[in-house]
Every structure is written in structure tokens, then in C-alpha cells.
Amino acid sequence: MARIDGRANDQLRPLELTPGIHKFAEGSCLVRCGNTVVICTASVEERTPPHVPEGEGWVTAEYSMLPRANRERSRRDISKLKLAPRSAEIQRLIGRALRACVDRKKLGERTVTIDCDVLQGDGGTRTASVTGGYVALSCALHNLVERGVLAELPLTTCVAAVSAGLVGDELLLDLCYEEDSAAQVDLNCVMNGAGELIELQATGEGRAFTVEEQRTLVDLCARGIREIQAIQRAALGG
Amino acid sequence: MARIDGRANDQLRPLELTPGIHKFAEGSCLVRCGNTVVICTASVEERTPPHVPEGEGWVTAEYSMLPRANRERSRRDISKLKLAPRSAEIQRLIGRALRACVDRKKLGERTVTIDCDVLQGDGGTRTASVTGGYVALSCALHNLVERGVLAELPLTTCVAAVSAGLVGDELLLDLCYEEDSAAQVDLNCVMNGAGELIELQATGEGRAFTVEEQRTLVDLCARGIREIQAIQRAALGG
Amino acid sequence: MARIDGRANDQLRPLELTPGIHKFAEGSCLVRCGNTVVICTASVEERTPPHVPEGEGWVTAEYSMLPRANRERSRRDISKLKLAPRSAEIQRLIGRALRACVDRKKLGERTVTIDCDVLQGDGGTRTASVTGGYVALSCALHNLVERGVLAELPLTTCVAAVSAGLVGDELLLDLCYEEDSAAQVDLNCVMNGAGELIELQATGEGRAFTVEEQRTLVDLCARGIREIQAIQRAALGG
Amino acid sequence: MARIDGRANDQLRPLELTPGIHKFAEGSCLVRCGNTVVICTASVEERTPPHVPEGEGWVTAEYSMLPRANRERSRRDISKLKLAPRSAEIQRLIGRALRACVDRKKLGERTVTIDCDVLQGDGGTRTASVTGGYVALSCALHNLVERGVLAELPLTTCVAAVSAGLVGDELLLDLCYEEDSAAQVDLNCVMNGAGELIELQATGEGRAFTVEEQRTLVDLCARGIREIQAIQRAALGG
Amino acid sequence: MARIDGRANDQLRPLELTPGIHKFAEGSCLVRCGNTVVICTASVEERTPPHVPEGEGWVTAEYSMLPRANRERSRRDISKLKLAPRSAEIQRLIGRALRACVDRKKLGERTVTIDCDVLQGDGGTRTASVTGGYVALSCALHNLVERGVLAELPLTTCVAAVSAGLVGDELLLDLCYEEDSAAQVDLNCVMNGAGELIELQATGEGRAFTVEEQRTLVDLCARGIREIQAIQRAALGG
Amino acid sequence: MARIDGRANDQLRPLELTPGIHKFAEGSCLVRCGNTVVICTASVEERTPPHVPEGEGWVTAEYSMLPRANRERSRRDISKLKLAPRSAEIQRLIGRALRACVDRKKLGERTVTIDCDVLQGDGGTRTASVTGGYVALSCALHNLVERGVLAELPLTTCVAAVSAGLVGDELLLDLCYEEDSAAQVDLNCVMNGAGELIELQATGEGRAFTVEEQRTLVDLCARGIREIQAIQRAALGG
């Protein structure tokens, strides 16, 4: 059974990472992953929230969809006076993922906020946000080193993410919107440069899944993430 | 290295499930899991939200902590005019988990809302909510059958959840608060009566983790969930 | 005319006060008053709100009903982004009542917050909250003395509350939900250990009432409060 | 000991009730009670809230203080996104008080909303709102009769309110702001045209009070309310 | 074609400015402009918002309509948890207009807040608020000089506002509600004592308008504002 | 005195209008105006808000800045639970401007919502939003005609906007951020295809301005708008 866009089951969508697209942000990256488009900016502020220990820094993320990112227009959060629960969940995931590659002591008492705003959503917006958010974060941290604010780059590894799922009986990598809507099982993986897991979320939307199936999906993601990390390195000029 | 409460690494905390503790709710269950205490009520309403297809029912969950559930008092959501993002994330998980055991066509055009209110929180409140929420839901559905509203019980399986984690180098089942705070890796599992996965969430708070470690943690959870499901069956009188 | 639960007109519902039911709170009390169940916790914080004079402490209360406390499920305040006006009114009453038994200079610059969360509501939740809130507060203040934080107990008296009403032509003490719904006149009384009034609220829901009727209702409450204060003393071990 | 404005202890402040001061509202009344100034408008809408039985009408009230009503400017509710709890409590009182003089069946399926906006607050704003709200309500109901919408006036009695309190050892009627701030005990009374009670609220802010003191304060209010009702009748041209 | 109230096309509505109508506010003015009634109060606070440079003061405005200001009752902002966007826009205009007549260095580190609350709205409420707000502000500043807080009056000019519009083919000054509703083009002008513009807002609600028409409308406003400034001077006793 | 970017005083910034950049929206346009970047999408819904007369359509706009659009990151509206007042004002302007070019009867009972989200803000975001919003709207309306939903294009004219200002003594067209911050007088103009005014807003931020200066600024805008309309026509392929 062919995929809607003709990809092989273990094939990623075309992924473009364009760093430096924002004139003002300390770091930025435009992510195009098939028809999903996310703008990620990294903003550095010289203070930390109260819960952060003295001498350490903080990395946090915010995620939002433009009202017409999807096939149907949605009302803005502010007109409902309520952060969409899905956005609340996703931005917590992005924040945890990006904190996993930063040495917070080396970062010092400053906060990097990664804003991930989805201009166009065609599935995989949370994983695209992690992948592009890492590039924006990396730019911002390099910028701090270049400007002499930091002596040393406080990055310990790289971070990327991708989804996989069970659609019918097929194991598919990097689901687009139609595939995601039809998926029985949906799994998101965040991994570091050593191929270790940082976050794993799997949901049996249509049916439960075996431990074996779960393992196969993680393996599929691991292969995809290696390709994505090569694209990240290329985008960052290394 | 002994655990703080003297348990073996693969040992659950004492778990008590007391169904029927609420005079008015169609279903209810008080969960005591070590020092974690959650009251779950299931409320049946004869209508469904707009997104639900005609002829089908809906199951949803809300999760909240009483302000003094924890070691420190927290402000109520309403005084901040903001649902705690952690609660938003958890109640979405509980809702997905409990929908996975219900035949929504057999339920018919009604909604069951599972309210999980944490009276005392000592780690594992989300998994205790799934476990107790299932009992409350089951009571409410049996009640609909007994009252003749439904001809047939719309349950397809049972659902339970537990956590496991890496603390230091130990693989521990069913983390209490102190263990959870110190965990390098934290994994939550929801499984059905066949031992299949419904939800899996794993986070490397302190360090990344290998695919192998992830598999071992899931296996540990699987064993715990089998014990929990026996306690659920006993509580439900079967 | 017999009461719905067979009580004499001037008879209280069975009242159980269980202090110390919360592992973390400095003071706590579970109140069961007939089918009304309220959990009261007292939390001590080492700071005061801005309006409190230097050198003095503060006592405040919050009141809320769990969504399924009643016969019908209600939406949570946070989903309406609005504190229920009835809760706003009741928690102001509880706060005033409990401040009336505390020597705020002896308490020193700290705040005791009494959270009253109604698990099950069958009438009289505000008076049960005052009665149980006093027990929780008393526990917390004793705890401060035992821990050596305070040299002297800053309690000046005890505080308890009860309702009475006119249902048909009967003067009834301690109304349950059905009686409260049918009441022509509803009166709530808070009194101290000397039998003096701290708060009095009377409402002619169904008809106006004479000054004479109001006096009789207060006398009825006064007798009930004496019994409640004996139960409070017993619960507090004195 | 002389009162701050030279009144006798049982003397009301000068009270002016000016009906018809609003060009658009169906009923209106400007209340000047000493330095307290409240504008009350009554708005008639041809619908009722969902909880009102078919065939019946509804009377409700909203109360608010202009930001500079008091000696110090306060922030508007909307800038805090929160109805002041004190306003929530007061508008519930006004609503109950005014419903007590209306035959809701005769009113038919319409809602009268009494808005009480305090332009200047010098104590007694809630009782002034009840007193003036009655005049605005009465105007609006007469207007419905004059316009032929109603065949019969749905008023069953009149309603007025006043405060009394214990300041030092003095029993004072109709407390102004300075007296209210210094009061040991503060009591508000709403009465109908037969001198019966509709609402009674008493608070021991500075000390507890005896049942005897409470009775004396109600008697003092009763005498004041008779005078106020004469002023209401005069204002309404009868 | 005669105007609804018989005025000439370039004739203002009767305008009454009554300063000093508020007992507590540092400055105040009641504006009656035809059937439009606005109460303006000026409140002085000895602090400034964070964005104001050290050594300077700030002038800001808030605008709101009482719920029954208009022909139909509106819901209060707080019940919608949302400042009406029209109010947001208008209060920004009033604030800018009034800052234009104050020397903020001479004012020193204090804030004057002008609250404009519309008691009755019959068109022209924003311009009436600017006109009356200036009088309230002027009173408050004189008051600061009289009390010796300021050595010198920090007013640099006076400020007044009026509307004009195209209704049918007529150029009309100072539109009332009916005219405003029917206007093709609506223009608001704020001018200083030298007849210079401070704010200009013109909207083609019903049709576009030529640059020539716009000029004529400004000229019409300029003549009206001269008259209004004479009334302001008279009201301020100069 | 040279402008910061070397333009002549009456010279526009480079303006790029790229229609059709959004895969899902019925109409869209990316606006680049110097360093200002705005994404405009037009969404068509087959319903109208309650205030719109039967048989007519509606055009409305929403405006927002991404949190890092500017030199400094701002908090999102939702985290403050408050639509930024500046955004409230601007989106009302954009909505009025775009309604001015649509025949609402020909549009029929549907709503077109123009979302203007500022990705990068360097001055002139409101005028760029009007200019690009028109292109997105035009695309969406053409789309309705092409799809046979509408028989006839309901556009009556085109709409574009630009700013001008007094900086020092210079009259400058199309202010960038630095110029806008330093401007004494700031004027925004919306005009139709006939060079007639639809909206005019002028503010004397730094000083008042003469009627003559205002006229000159409008003339300057008129010339700029003619150029912008040529770019719009080219972008729309005509």
C-alpha cells in the first residue's frame, strides 16, 4: 500500500532547516517538513525564573499554532482565555527535550526561550518544533560565545525528534496529517546525538499495541533521527 | 541500596481501591497507594460534546490537586485563572487511557466524566488516577446496566497504570515522591487486560536513556500492572 | 411531621470530626455531618499579605466544592474562569469566623490558610467548614507550639457553626439538603465558646420572617452549637 | 460621645432618592445617603435565565464601585480579571432582597436587572443599593404597567435596608465610613413594608456580641427602616 | 434638512462641565453634553509605571460605560472577562490626548489616572471624556500646587475634543447617537489651546471620503473646539 | 539629513507582496516591507456573527505579534490573559479598512477573517497588515468565484495603507521603527483605489501639529499609496 505522498514506509518527508531567518532573535530556524512549517526563535534574557538554583540557567519553550495553521481556522487562545491544553502539553515536551542538551551551569543565570509558532500544520508539528528548536537554540548559544558572553558553548549533545505510527498494518515513519488521523498507534521520540532516548510518548488511539510493536516503532524513529541530525549538522554549518 | 520505605525494587506500594465511597456519583473509587490518596468519581450525563459522532458516547477526565495535596501549599488554579499545565497534560492522558477500554457505540450518546482529585500526593498521582478512574468508570457503567439504561456493558477490557524509573543505577517500580524527585529517568505505562500498551511516556529528567533501559522499565511496569489488575478485579467484586 | 431522616426538630445530624487525616498539612480535619463531607486543611506560611499590620499574623480560608460534590456534576471554577460567587461569599464568612478566635499578635507574622473542600454536599457545608476549619486551625496552632515556633497558643476561644430554618411551620436545626431546599427561612450562626455570636446570616428565601422568629432560630442554633463544641473538644483530645 | 457628623445615635444620615434620573433605563434612582452616592438602574429584558421555571420572571442585581469611589483609587475588576469577592457577596444580597418584593408569576417571563454602581462610597453602600434599587425596580414595574405590558403591578411589598453597629460602647444607626471602620460589630438589615426581616447579616469584626446586643441592633434598624420607607414612598410619589 | 434636535449644522449640543463633584478624588468633572453624561475623576498616586523614565510623571486614562449607559443594557466587561475592545481603543486615545498638555518632568514621579465612566451615552462619549478629563486633570494639578506638592502647574496648554461627520450630504458638528449611527463618515478631533491638532481619527463607515471633505470636517471641529475651550475656561474659573 | 536606510523622504521601503504562500487558507499573502514581515491569511466560514443583517456577509480581522517579533521578546497575550490593547485597536482598524472594499450583500452570508500575524516588526505593521490583508482577501474572494460559490466578485475597490510622520523637521514617508520611535507626529492613512480616504489616524506624540502639517502628511501618504496599489495589482496578477 503506497503512502499518500509516495514515500517508502521508513522515509522522512523532505526536511529543510533554515537558521538565521529572524533579524532580531538571538537564534532562529525556519522548519519545513513536508507541508508543516514552523518558525522557531530563541530569545536570551539575563534572568531566570524563581525555581532555578542560583548560578544556573534555564531553557524553556512556548508552542502555538497560528489560527489558520490547519485546514480549518481555529479561534486564538486569547479569545477563549485559555491556553489550548494540547499546546500546554507540547510546550512542556519541547522544553524538557531542549533542556536535555544544555549544561545549565555553563549557561549561567540566563533564560533561553524557544518560541515555536506553527505557520502551517500538516502533522508532526511537535517533533518539527524540537528539531528546529534545537537549531535555534544552538544558534543563540553560539551567538553568546561569539559575543564573548559565554567562554564555552554550553551544549552537551544535539537533540532531534520524529514520529512513527501504525497505520492499518503498516509501520510508517514521520506521519503527515492524513496518516496521523488514520493511525492506530502514534509514537513520538526525542533522541540525542548518541542515539539515546530523551522523551518517548506513545498512544494507542485506535487500538492497544504490544511491547514488540512499540520497540519496532522506536527503532524506526531511531533511524529517522540519525538522518535528521545530519540535516541539523549541515544547517548549522558543521 | 534499600528503598526509602523498605520495598524491593520491583515491589508496589500497598494499594487500596475502595469503590462506592460517594453517595451521589454514578461511580466512584477512593485510591490509596502508599501516601498518595485520590478520589475518583464518574458522572454520567445524557449528552455528548459537539466533536463526537452521532450515535456514539464519550469518556473524558479532569484531574486536579487540592491546594494542600503536597508538602507545600499551592495556589488554586482559579486564583491564577489558569489550569496548571501539568494538570492539563495529565487529564488528557487519563481521558485517552479510559476511552481505550470503552465501546463508544455501545455506550450510546452519553458522556462519562471521571474527576480525579488528589487529596494527598506522594508520587504516582497520574497512574493512581488511571487505576482508580477505571474502577469508578466500571462502577458507573455497571450502574447503567443495572438501571436498564444500557442492555450491555460497554467495557472491552480493563485499564491500569504504574510508573517505573531509574534512580541512581537502580530500576525501581512505583516511585514515591522522594524517588520520583531523584529519578534520572521516569516512565509511565498504561496497559489493558491483555498486557498491551495503551500509553507510554518516558522522560530523561536527569540523563538520556538507552532503548534497552526503556525496554526493561516497560517490563517492570508490565509485572506491576498485572498485580494492580488483580486488585482492581477484587475491588470490583470479581 | 417527621423529618426526612427521622430526627427531632432540635436534633443535630451525626457529626464526626477526625483531626490529623492529612499527612502533610500542619493541621487537618475530616468533617462528616450526615451525608455532608468536608476536608479541612490548615497550612502555615511564614509571610503575611500586604494589608496586615507589621508584627501580626493572618488567618484566611478558601472554600470549594469538588465538581461532583452534589447530586449533579458542576463545571469546575477554572473551566469557567470564575470563582463561583457562592464560594466567594462562603470563604469570606469562614475566614472572618476563624479570625475571631485567634490572637493575631501572638500568632506573629505568619498566615494560616484553611482550605475547606467539599467532597460531598448534603446541606450545611459552610457551617461544617467553620466547625471543621476550627479543628484544623487548632491542630496547626498546637503544632506550632509543639515545634517551639510559638511560645503560647494564640487561640482565644473556640468557634463552631450550625444552621436552622423554617420549613413549613417547623423550626428545624441543622438542615440537610432537602430541608434547605424547601426552607422558607434559612439562618446560619457562628458562635464562640462563650455562646456569643461571631456571625449571623439569615435569609427569607420563601417569605419574610418576624424579629421573633429570628430570635427563636438563633436560640435553636445556640443549643446546637453547644453540642458541637463538645464534639470539637472531644476530637481535639480535651 | 458625639458622632463624627453630629447625629444622634439613632439618627439616619440625610437620604435623597431621585427616581427617573436616567434617560434610557426603564427605572432608575440616584441615592445620596450622606456622602454615599449610588446610581441604580433597572433594565427589563424579555427573557429569563435557564434556572427560572417557565411562566415566571427573575430579578437580579449587579453591584460595582467606580475605581475612585473611595478615598483611594482601586483597580477595576477587569484589570484583575476578577469580580471583587466583596461585590460578588453584595450583589447576591441585593438580588435576594429585591426578589422578596416581587411576584415572579405576575412578572411573567422577563428579567429585571438592577445595576447598582457606587459613584462615591462613604459607608452603607450595600444598604443604599437595596433602598435605591427598590425605587428603580418599582419605577420599571410601574413603567411596564403603564405601557400595557403588564396588567397588574407585580410588587407585593416594599423593601429597604440600613446598617447599625457597635462603635466603642455606643449603638449607632446608619454607620458612615469612619464609624464602620471603627465598629466592633456591624449589622445589616433588610426589611419589608410590614417590618419583617428579609435579610440579616451581622459580623463581629472587633469582638463577639451577645444575642441581646444583636436584638437591640435589629430594633434600631427597624426604626430607621420605617423612616427610609417613608422617604421611598415620597420619592415614588405616593 | 433639520437635525433631530433642531440644531444648526455647526452648532454644539448644550455642554455643562461641573468640576469638583467628587468628594474624594483630587480632581473631578461631570460632563453633560446633550444626553451624554460622563463622570471624570483624576486620581494622583505617588508612583509611576516601570516604562516611565526616572524623574518624570505619567498621565493615563481608563474609560468604561456603565452597563445601562445605552439604549440596551450590555454585559459588564468582568462578566465577559474581557475589556471591550472599543474601550481599550478609547482609553488609549484619552490618555494620549491628556498627556499632550502636561509637562511630565514638572509633574515629577507621580501618576494621574483619569477615570471616565459613562453614565449615559448618546454619542460623543470619547470626545466628552477628553474634554471633561482635561478639567478633572487640571483640578488635580491645581490641587497639587495648592497643597504645596508642586511648585509650579505642570500644564502646558488645554485640551478639548469634538466630533464631526457626514450624514447624508450634510456636514454636522458634534454628532448625537442617531446622527452617529447614520453617519457616512465620522471624524474625531483633539486640539490644544493654540488650535493645533493632538489627535485626529476619521473613519469612512458608510463610504470613502475625499481629502477635501476631511479638511472641511477638521475645520468644523476646530470652530467647535474653540467654543468648548471657552466653556472649559469658565468652568475652571478662568 | 539622511534617513537611516538612505531613502529619500518620500520613498517607500522595498515592498514585496507574495500571495498564495499558505497551503490551506482560502487566501494568503506574505508581506515584506523593509524588515517588517507579516503573514496574512484569509479564512472563509459559512456563517456570520449575530449582529450582521440577514443576507449579508462580514469581514473581520485579527492582528497579533509573535512574541519575538520585536527587538525584545514580549509575553504572549494568553500568558497575561489579556489581548494587548494595541492589538485590539489595530485589528479594529484593519477590519474597518477591509470591510470598506467589500459589497457585503454580494458576499452573502459568510465571514472572511483576515489574520495578520507579525513575524518581524520594524515599524508600519498595521499599514502592512492592511495592504497585505487586502491581497489575501482578494485571493479568497477570487477563490470563491473560481469555485463557483459566488457568481460575482464582491470587491468594490482596492485598499492600501501607509504611514508618514514628522521626524525632527522632516516629513517622512513609511516610517521604520527607529523613525517611528523618534517621530513627533505619526499619521496612518488607508485609501481606496480612487485615492479617497477610508481611515485616517494622526497622533502628536512629541508635539501638536498644525492643520497644514496634517494636510501635507496626507498628501505624502496619498503618493505612497498609489505606488503600493501598483505593487498590489502586480502581485494579484493584474
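Quick notes
So that you can tell them apart, the chains are marked A, B, C, D, E and F in the order they are listed, and the count of residues begins at 1 in each.
Following the convention adopted for this analysis, a residue touches a chain if its C-beta (ideal position, glycine included) is under 8 Å from a C-beta of that chain, and two chains touch if they have at least 3 such contacts.
These numbers were taken from a predicted model, which means no experiment stands behind them.
Counting only chains that touch, the fewest steps needed to get from chain D to chain F is 2.
Steps from chain A to chain C, minimised over paths through touching chains, total 2.
Counting the residue numbers that touch the partner chain, chain A and chain B have more than half of them in common.
Relative orientation of chain C with respect to chain D corresponds to a rotation of 180°, obtained by superposing CA atoms and rounded to a multiple of 5.
Comparing the CA-atom centres of all chains against that of chain A, the greatest distance is found for D. Centroid to centroid, with C-alpha atoms defining each point, chain A and chain F lie 33 Å apart. Centre-to-centre separation of chain B and chain E, using mean CA positions: 59 Å. Averaged C-alpha coordinates give centres for chain E and chain F that are 27 Å from one another. Within chain B, residues 81-83 each touch two or more of the remaining chains.
Taken pairwise by the contact criterion, the protein chains form one closed cycle in which every chain touches exactly two others. Across the complex, chain F is touched by residues 81-83, 85-86, 88-89, 91-92, 96, 100, 157, 187, 191-192, 194, 196-205, 208-211, 214-215, 218-219, 222 of chain E.
Those residues of chain B lying in contact with chain C across their complex are 22-25, 35, 39, 41, 43, 45, 62, 64, 66-71, 73, 76-79, 81-83, 113, 115, 117, 119-120, 122.
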